[in-house]
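Just dropping this structure here.
Naming follows writing order (A, B, C and D), and every chain is counted from residue 1.
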């Protein structure tokens, strides 16, 4: 289980959310040190939008807790839209190319979860990546392949539709290969303007997701952080959440064709 | 153009060939410092056979000239069969997964050259990798894909036939995609007993290859090193060279079907 | 708290002890994943003696659990004397130069513990390093400084005496600077023939140390590993343990001058 | 010989100077690939001033030419004051702690040159670092030690005086140790407002330095880059150059006490 955080709102220094708070994302990378549950020490990454149309991207293979460049960058950079991720590897070894977020043009994408039985279906999932994006495939994780496949399904003009179509195809591939392990997908997509968060799983047990209204904007995260009194809203399974213009909107996110009544 | 070296013979410390000689492989990684032609600073690797059936493998993303682990390993390890490589990236970024040698079971493989226009045919070349080996695909270089494809063509029981079949298929893919850039392939394969060296190119200009009889065994390398008086034999284009049991044998290596007279 | 292991006996593949057993050292690097107590993800290292008078040394900044080179090396290398360490940084950031073991000539050294208040006394501790060894100082950890200082106190001919003299001097430096935090020192030294293990602390609470008689030799480790039925002997605080020729001997290790009655 | 660049002026994207131009700093890291003189592949770094009082800092051990994070950062970050460096190691191995620029509070510092015979005088040079800054000493290069020593000589309120005093002391240490190799020092210091460039050597042969008036500000660099028609001013040996408020001013920089006539 990875951990991630996204923010949309007034420009703030990245460390305001990523480092300063109690149980911040960077501290979650080594939270197990303090005898909590998990370590997310298999690399880290942060992507942010500035004056360019394309986002900035920093990814590293060290655990976030010991990455001096990450700390300096988060202290220095201000942004009104950013994503950050600390990884606990499921598929794909620890290498920069497997670190989140992934980027393509103005898009950033990060994911928590996995395609069950991925090794058996990797080739079929990669076949979903359209030819003109295939050169972007650098690592061997399921997450990067899902992102590129979703781009091929029209991610830039219909994010929810493209993600749903991609997941539907992955499910079919799993089924065709006799895989019964679930497909779990909690993910965040950004295009420079809007954050799209998805929480869905084929077994209705997607990785956790929360959001919170801050003074300066809206944060979405794998788990609450900050002061104990802060109010975090859990995001229900089967949700597509959109954050733009200071407002968050949740709607149902269905992947499988609804059955006739 | 990468640089590489392979050795077969009595066990010797790896640094005897890789570090100690004048113009050794490690010094070739930064030879340009001394105002020669090229830098091979995009990672390095060494593979050797010991008491296990599988070879040992060390690969790193630092230039060989500054890799302290490589230096210590070469000073400490003795082997009668080993391969070493310093990389100058053509396709695929600088990451461990793109460093040579590549390994699978008892095989080691390293390559100098490239598939011209690789980005356009990468997907088709990767399609040559058989399903049961697809999980070994970790990077995005043409070299790794060619190795895995050759394994699928029967590399373990007919090395020259499998390499030729793989190259033939790659040529067809290039032609089908209208690529006129050459396919160049100077490579070394080891299986724990025998070294196979190949020097071939579709335009008859494969990267250079030399071999030399040492007191303790036989060395094959991209370029001569050691004392100026040392006698190195150039390996002709279109050659498959086999080194085993202290003897080197060269035979013609034809990739394209010979034409009837 | 770091974790380490040393072995002396018949040559064995390193992974026999470092990777294969239940709760092996490499798994201890991420044991917190399984909800135990600590993570030791701040780099790793292994040193071993082969045919050279100097040991081989591999150190890396990735957590041991994701270090593919470490895994391959431990699978391939056989040795009758080796040390391995997974780090949880106390003083000194995560960099190769701060990874254990440290080496000098035929010696290897690794340490678990710390000089309390080290930042305030670092300069004085480094002043203990003799001029001819000062060039070996590469990192900024207390452990490396203690090793180099002990070398200056005659580590090569009187290991216990040199370690005691070094610790005594460090204690004086702490006292002279008004530091009341303890000096804790559980460490292993090897010279190619003999293992010396020390467990001592100024507050009588040194990091844990255990040893065990295996079929092939003797293992010393920060904590027991392997089968639950395996019998590990705790090493008492204030002990200098010597392992050579298949035998382990424990004697009292006193740092402070005993007071007259 | 390292290569570096500094800029002061209107805010620009860093890649405008560091990557886009012909013979840019990043291309200088591997210029030898194109058969020029040198490789500067021993790590790289960039420091810039933004909205914080302290600068942002990114340093990496890969050659600049293959560092994807550096490229993204330079594409994304805009600054009116920044420094960048590509290293060719003289003293100190390739590690982040030895990469330039070095930082302390609001200061950034980078250096090209060396203290001749440094290994013999390292301890004495490090002794110049004041106690309260000693904890900042992370690597083992002469450059970092000179920066920290200059801070102790009052770098923040009298840059030229502090640098001269530091160099004078280093010269005395060299002489006291019988070292006849020169002390060469071409360096740039920034405090968030002003750039100070120094070009000096005990043998009057300091590494090269040039500056140029751009449309947006002033660039100082180890060697000219950009269009052949661009006019670069060489900076004479024995110069202290100050850049602030859009103006460059050069004055004599004397290290040794002038002799009475």
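Note that in this section a contact is a pair of C-beta atoms (placed from the backbone, for glycine too) under 8 Å apart; a residue touches a chain by one contact, two chains touch by 3 or more.
In UniProt terms, the chains line up like this: A, B, C, D = Class II glutamine amidotransferase.
Values in this document were obtained by computation on a predicted structure and should not be read as measured data.
Participant: If contact pairs are compared by residue number, which of B-C, B-D or A-D agrees with A-C in over half of them?
Facilitator: B-D
Participant: Which pair, B-D or A-B, has more C-beta contacts?
Facilitator: B-D
Participant: Compute the distance, rounded to whole Å, between the mean C-alpha positions of chain A and chain B.
Facilitator: Chain A and chain B have C-alpha centres separated by 38 Å.
Participant: Hey, what residues on chain D touch two or more of the other chains?
Facilitator: 68, 93, 96, in rising order.
Participant: Quick one: in the complex, what on chain A touches chain B?
Facilitator: 93, 95-97, 119, 122-123, 131, 134-135, 137-138, 140
Participant: Going by the contact rule set out above, which residues of chain B touch chain D in the complex?
Facilitator: That would be residues 30, 32-33, 35, 37-39, 41-42, 61-63, 66, 68, 88-89, 93-94 of chain B.
Participant: Would you pull the chain A residues touching chain D in the complex into a rising list?
Facilitator: So the residues of chain A touching chain D come out as 13, 48, 50-52, 54-60, 68-69, 72-73, 75-78, 96.
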